[in-house]
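Next, two complexes with chain A in common: one pairs it with chain B, the other with chain C.
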Partner chain A sequence: MKHTDCALIIGGNPAANHPISMRHLQKARDERGAKLLSVDPRYTHTSSKSDLYAQLRSGTDIAFMGGLINYAIENGLYHEEYVKHYTNASFLVTDDYAFDEGIFSGYDEGDRSYDNSQWVFQTDDEGNILKDESLSDPRCVFQLLKKHFSRYDIDTVISITGTSKEDFIEVAETFCGTADPNKTGTIMYAMGTTQHTKGSQNVRSYAIIQLLLGNVGRPGGGVNAMRGECNVQGSTDFALLFHLMPGYLSAPNASENHRNLEAYKAAETPSGGYWENTPNFLVSLLKAYYGDKATSENDFGYDYFPKGRRNYSHISLFEAMFDGEIKGMFTWGQNPVVGGPNSRKEKKAMENLDWFVSIDLWETETAAFWTEQSGADPTNIDTEVFMLPACGPYEKEGTVSNSGRWMQYRYQAIEPKNDARSDAWIVHNLANRIKKLYEGENNPVAEPIQALSWDFGQGDYPEIDLIAREINGYDLKTGRTVESFAVLKDDGSTSCGNWIYSGFYPDAGPGEEKNLSKRRDDEDTGMDNYLNWSYAWPLNRRVLYNRASADPQGNPWASDKEAIWWDASQSSWVGHDVPDFGADVDPNSEGGTDAFIMRGYGKASLYSADGMTDGPFPEHYEPYESPISDNPFSKVDLNPAVKIWDGKMNDRGSVSEYPIVATNYRLTEHWQSGSMTRNQEWVSELMPYMFIEMSEELAEEKGISERDKVVVESARGSIEAYAMVTKRFKPFKVKGKKVHQIGMPWHYGYQGIATGEIANVLTPHIGDANTMIPEYKAFLCDVRRANS
Partner chain B sequence: MMELSRRQFLKLSGATAATLAVVELGFDPKKAQAESNEFKIAHSEVTPTICPYCSVGCGILVHVKDGDVVYTEGDPDHPINRGTLCPKGNGIRQLYTSEKRVERPKYRAPGSTEWEEVDWDWALGRIAENVKKTRDESFVVEEDGMTVNHTEAIANLGGAALENEEVYMIQKLMRGLGLTYIEHQARI
Partner chain C sequence: MTTYSKLVDVTVCTGCRACMVACKNWNDLPVETQAYSGGYQSHEKPTGKTWNVLQMKEHETANGGFEWLYRHSACYHCADAACEKVCPEGAITYGEFGSVDIDQEACVGCSYCVYNCPFDIVELADYVTEDGDVRQRAQKCTLCEDRLQEGLQPSCVDTCPLDAIVFGEREEMLKLAEERLEKAKQFFPNAQIYNPPGVGGTKMFYVLADKPSVYGLPENPEVPTSAVLWKDIAQPAGKALLGVTMMGVLTGYVTNKLFNKGEHHEEGGEVDESKHG
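After this line comes the complex of A and B, so read on.
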């Protein structure tokens, strides 16, 4: 970030929520004169530190970014050489692909889903993609992109985003100025981007503008997710998600494509790109899971893996629990009664559980879902509830992975408090006990869990080095850990728990310790990469796709933006970073400009032929609950590929009843559902009360004064809190009409020192078409003074 | 043990070294006064950690003395924060000292209006039995002629604040048991 010339901060508020990241942006400002642009529904802490603030109504990111894309193309403000060589701009798309009135080809209205086989590229008889290097063919990606976003002219865009024309043009001019190869711009985003019914396409729209401007894979560039938890990067890498296995391998599902190991390999292994190694990663993972029980005769235990048959994401999970399908649940440091969408429904759903285990430092709202204080009648709730005290972060040891994929070691500073235990101890002892209960059984239900290897030492505490070795992977013959995922095999001779982490514990014999995440050399090795501080996956590469930091011939695009470059004398890529590319692949050889190595064809996707469920290009649709009924971009108001949840407690609000747009956000002093911070005295005192933030204009209309108690109501429920009247919200002008928006923190609940009503009582069960991430950030409500 | 370069070690132990220098002077009335006035972190043991909140990944030093966390501060050597911290990161001492911490395992029986304290052995034993019972009653080995080996009756949520080694173990056990409902904060 220190090397950026312009940071566009949208859907995030780093000054409040990732404060130390601002340190680096400030350096960019001081040392390079970088510009900071803040685009947000609210004038945030970040806005106050920025050169320009542009107002944006919640849920209109794609309109805004579509406007930028159109502006860049219309004004020739794109990095043409980068676009030609590193993106799929020249690829020709078949005539099946079409877009008409908000709907892409292949749509099935009954299923609310697309058949993406109509979005594919033209190929020759050998399957090679046809291209037009001049980017002029009307079926090439660049021309289709240009056509798609030509509809996003400035006046139409600002008519629904609510941005002023001057602000929009200034953002566009400033950010698109980074198309100059000597400059780079970065986009920083957070949950304000993703928590929408088109959250994934919001991110896609950022990626497209960054690719057009030539800003990906370069110092000071990128599309940067500011992630919210200290190890949410790691917990995603390790697949605490239904649809994945560690290292972003698809979780097997009950389809013909995944029937057995051979079918899975055929379906999941692309021809071209690094994912060609999928079989090596998968079989090594199976060896880590099932050890000696994974043999070539039994498909390395592939059948032991659970195969799912539908979507099991968070909303689906609580819908199924509400319907009585789930009998038992564990939560490890998660508090859905505060953090889940439509939280009253999620809390109610828990009453259907036979048993529930909360593993946490605190008695959270979720742990206390059955208490009178929570509004429940305990005598009618038959759930067995277990509260297991977990220890704090410095009462144990292990690694966490930050937003930049740095895997850093946390040491144990003190013994666990009271009778608390680490989560590792708890899961280790639980696993041993469950496996013991199955000892001696001889039936197909017992077999998968009996086959699971669990070799983390004989002690009461699991041995962290044994876990680390299993994650890193090792050669089964020698017992030495592997140096890289490149040596993993699909013949059962290597074991590896998560291929992307291979290399953090390299070349260590049995009993030998070699954990690179512990490194603490704080000397800058160049371009602030600190290559000897901790470890970054994959293989200590700090900037992904850094081949794109150099031009097609292998020279840095700009002298002060050097990452790696081709040194012909050594026939090797050298520089300030570990090449995220074949180190000896000559730029002039075949594949020498295929900078995006994880893509099947080595090019970044301006057009996504197979990655998205809701279209190859982003398209603006309104939120599930929208203040307008006439989307100017098409006749389709809601993303046509989202799943609609009906049934009890899933009411949808209309603008006639709930005319005000609402969003939620975080505060510096509290964290997530607040369980960590609302149980501490200092930060509780700093930010003690739940509040509703609104504009002076809305407060005046409603007769509300600062610190009045107000009621906010949505179709799901209502909450009461103090009013906070500020200049930070301003009414939007949307299609000529005044639209109000309010905001509120979502940290509060009924447990702890600082208590307050739960914001997520208001939010709906509706999710993004790709990820089913809930639409927390744009819903409808009404607000009034509480009766005093 | 953590590995520190000599330069970093000196930085970390600066306060301690200053105190030792006074002690080595032998008995001196001034020494007694110096000891009584010395910083509370003078003889503390310093351990580096990483902030448990957002994912910027700032370094923090934890000072422990007499079995208590007496102070925490930004790690001056850490390239991300160079000693700086936000209000949350600054306050992580209270993660240990807070009186709100759950002290021992608790159990709430069906229909009961209160918790009762239990020991780990009983709690883990009972949970393991519950898992086995629910799993055995709901497990599907085969469906439509395909091996599926799953249970849809147990859910696992969390946790993005846990360590990589821990989440690896959790997902391994849960997938090993056949769970399909495996989710956490990254989804929401």
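After this line comes the complex of A and C, so read on.
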């Protein structure tokens, strides 16, 4: 970020929620005169530090970015050489692909899903993709992209985003100015981008503009997700998401495609790109899971691994719980009664549980879901509730992985209080006790549990070095840890718990400690990469796809934007970063410009033939609850590929009843559901009360004065909170009509020092078509002054 | 002799308020939860229990622009401090790192400093004496003199992620302020340094984004004339003539007559009725 010339901050508020990132942006500003652009539904702390604030109605990111994409192409403001060599712009798409009135080809209305086999590239008889390097063929990606986004002209865009024309043009001119090879621009986003029914496509739209401008893989560039928790990167790396195994391997499911190891390998291994190694990573993972019980005869224990039968995302689980299908639950540092969408329904669903275990630092709202204080009737709830007190971050040791994929070791500062135990202790003892329960049993249920390898020492606490060795992976013959995932095998001779982290604990014999996440050399090794500080996966590379920082011949695009470059005398890539590329692959040889090594064909996707469930290009659709009924881009209002939940307690609100757009967000002073901060008095006194932010215009229309109590109501429920009347909110002009938007923090609940009503009572059960992330950030409501 | 200063560049502050929590944490100050303010700002101003407050203001500029202004507000540590002049007990002194210190054991809680602070900073708050009694004593930011003695930075400085608050030798801080001002002017045409000469300059001084009056600050605060007369002329003379004990008795009487609250606010500070952010 320090090396950027322009930061477009959209769907995030780093000044409030990622303050350290603002430190780097301030340096970019001081040292390079970088511009900061803040695009957001409301004027935030970040806006206060930006060169320009542009208003955007919540849920219209794709319209806004589509406008930028169109502006860049129409005005020739794209990095042509980068686009030609590093993206799939030249690839020809088959005639099956079509887009008409908001719907891509291959749509099944009954299923609300697409068959993406109609989106593929043209190939020759040998399967090679056909290209038009001149980018002029009407079926090439570039021309299809141009055509798709030609509909996103400025006037249509701003008619629904509510942005002023002047502001939109200034953002477009400034940001698209980074198409100059001497410049780079970065996009920083957070949950304001992702928590929508088209959240994944929102991010895709950012990726497309960044690829057009040549801003990926270069210092000061990138599409930067600002992680909302110190270890959310680590959590996803280690398969916190239901559809993945560690290292982003697809979790086996009950489909025919995954019926056995061979079928899985065939289905999940692309030809070309680094994912060709999928079998090596998977078999090594199975060896880590099942040890000696994983043999070539039993498919390395593949059948032991549970096969998913359905979608297990957050909303799906609570819907199933509401319907009585789920009988027990652990929440581990999670507080769905505050943080879950449609939280009243989720709290009600918990009443169907036979047992419930809350692992947390405090008695959270979720742990107390059955109490009178929570509004429940304890006499009608049979759930047995267990609470396991967990350690705070400073009472345990281990690693966290940050947004830059740095795995950093943290040491224990103080002893835990009373009965509190670390997460590692809890999971270690659970595993050992469950294994003991199944000892000696002889049945198919017991077998996978008995087969599970759990060798983390004999102590009450697991040995962290043994866990680290398992993650890094080791050679089963020598016992030495591997130096890289490149040596992992699919023959059962290597074990590896998470291939992307291979190399952080390199070449260590049994008992030998070599944990690179503990490194603390703070000398800048060039371009602020600090290669000897901690460890960044993969292989300590700090900027992914950094081959793209150099031109096709291997020279840096700009002298002050150097990352790696080709040194012909050494026949090697050298520079300030670890090459994210074959170190000796000559730029002039075959594959020498395939900068995007994880992609099957080595090029970044302007057009996503197989990555998305809801279309190869982003397309604007309205939120599930929208203030307008006539989407100017097509006749389709809602993303046609989202699953609609139509069960009880999840009504959809209409604009006639609920005319005001609402969104929610975090404050600097509170963290997530507030269980850590609302129990801390110094932080609580800074933000003691739940509030609703609104414009002076809306307050006047509704007869609301500063500090009044107001009631906000959606189709799911209502809450009461203080009014915050502010100039930082302004009504939007959408299709010529005034649309009001309110905003609120989602941190509050009924437990702790600072309490307040729960914002998520208002939000619906509806999620993104790809990830099922809930649409927290755009819904409809009404607001009125509370009766005093 | 080397002197030191704390520079607060509000133009790069992001309003995160880590300075407020760090201060309470290091100094182990009690909470003082306020009624709902109507905005993000938590406390109106610094108090005896809350030694720094991040003040926020929604400001519409003359040309129709909008700013959300922040200001870390705490003791100014005036070079020529009114509080030091009026203290009848000699409990207020100048520390070696630029701080204005109040000796809690020597303070008798008379409030003269409270009434005479040109910036309305110092206040009485509970203090547990060496004998274990709870007494009302004048309290405020100490500039973390205890940390400075150990070679550390003040806790607000240490925690500020944007280096909006910095501490160092005064000459360097003055130079840095000029550099920061040049940069700030690109975004804030009215930006200026606030280091009022009427109180001899302050050891906590600002780069402001706009005129002092926008922040509700006095344009040119001064040490009240009565305080100067008392401290620099009447008190030394009186002590010489009457002896220290007798002077102490008189002190209470005379200072009560001389000083009354309010006389120090009329030096250009606008009364600001607009709400804070």
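Quick notes on this one:
The rule is short, and it goes like this: the second predicted complex is superposed on the first by the 788 of 788 C-alpha atoms of A that agree within 3 Å, B and C clash if a C-alpha of one lies under 4 Å from a C-alpha of the other, contacts with A are read in each partner's own complex, and residues count from 1 in each chain.
We adopt the following convention: contacts are C-beta pairs under 8 Å (C-beta built on N, C-alpha and C of every residue); 3 or more make two chains touch, one makes a residue touch a chain.
If you're wondering where the values come from, they're calculated on a predicted model, not measured in any experiment.
In the superposition on chain A, A:23 contacts both chain B and chain C.
Which of chain B and chain C touches more residues of chain A is settled by the count: it is B. In the superposed pair of complexes, A:47 makes contact with chain C only, with no contact to chain B. Of the two partner chains placed by superposition, chain B and chain C are both touched by A:686. Looking at the shared chain after the overlay, A:669 reaches both chain B and chain C.
When the two complexes are overlaid on their common chain A, residue A:707 makes contact with chain C while staying clear of chain B.
In the superposed model, A:111 lies in contact with neither chain B nor chain C. Within the superposed three-chain model, A:724 lies in touch with chain C and out of touch with chain B [touch as defined at top].
For the contact definition in use here, the residues of chain A common to its chain B contact set and its chain C contact set are 19-20, 23, 668-669, 681-683, 686. Only residues 2-5, 8, 45, 47-59, 62, 64, 67-69, 77-82, 84-89, 91-92, 94-96, 98, 100-113, 115, 120, 123-132, 134-139, 141, 143-144, 146-188 of chain B touch chain A when the two sit together in their complex.
On the side of chain C, the complex with chain A involves touching residues 12, 14-18, 20-21, 24-25, 31-34, 36, 38-40, 42, 58, 60, 66-70, 161-163, 183, 187, 275, 277. Here chain A touches chain C in the complex through residues 15-16, 19-20, 22-23, 26, 30, 43, 45-49, 51, 53, 668-669, 681-689, 691, 706-707, 722, 724-728, going by the rule given at the top.
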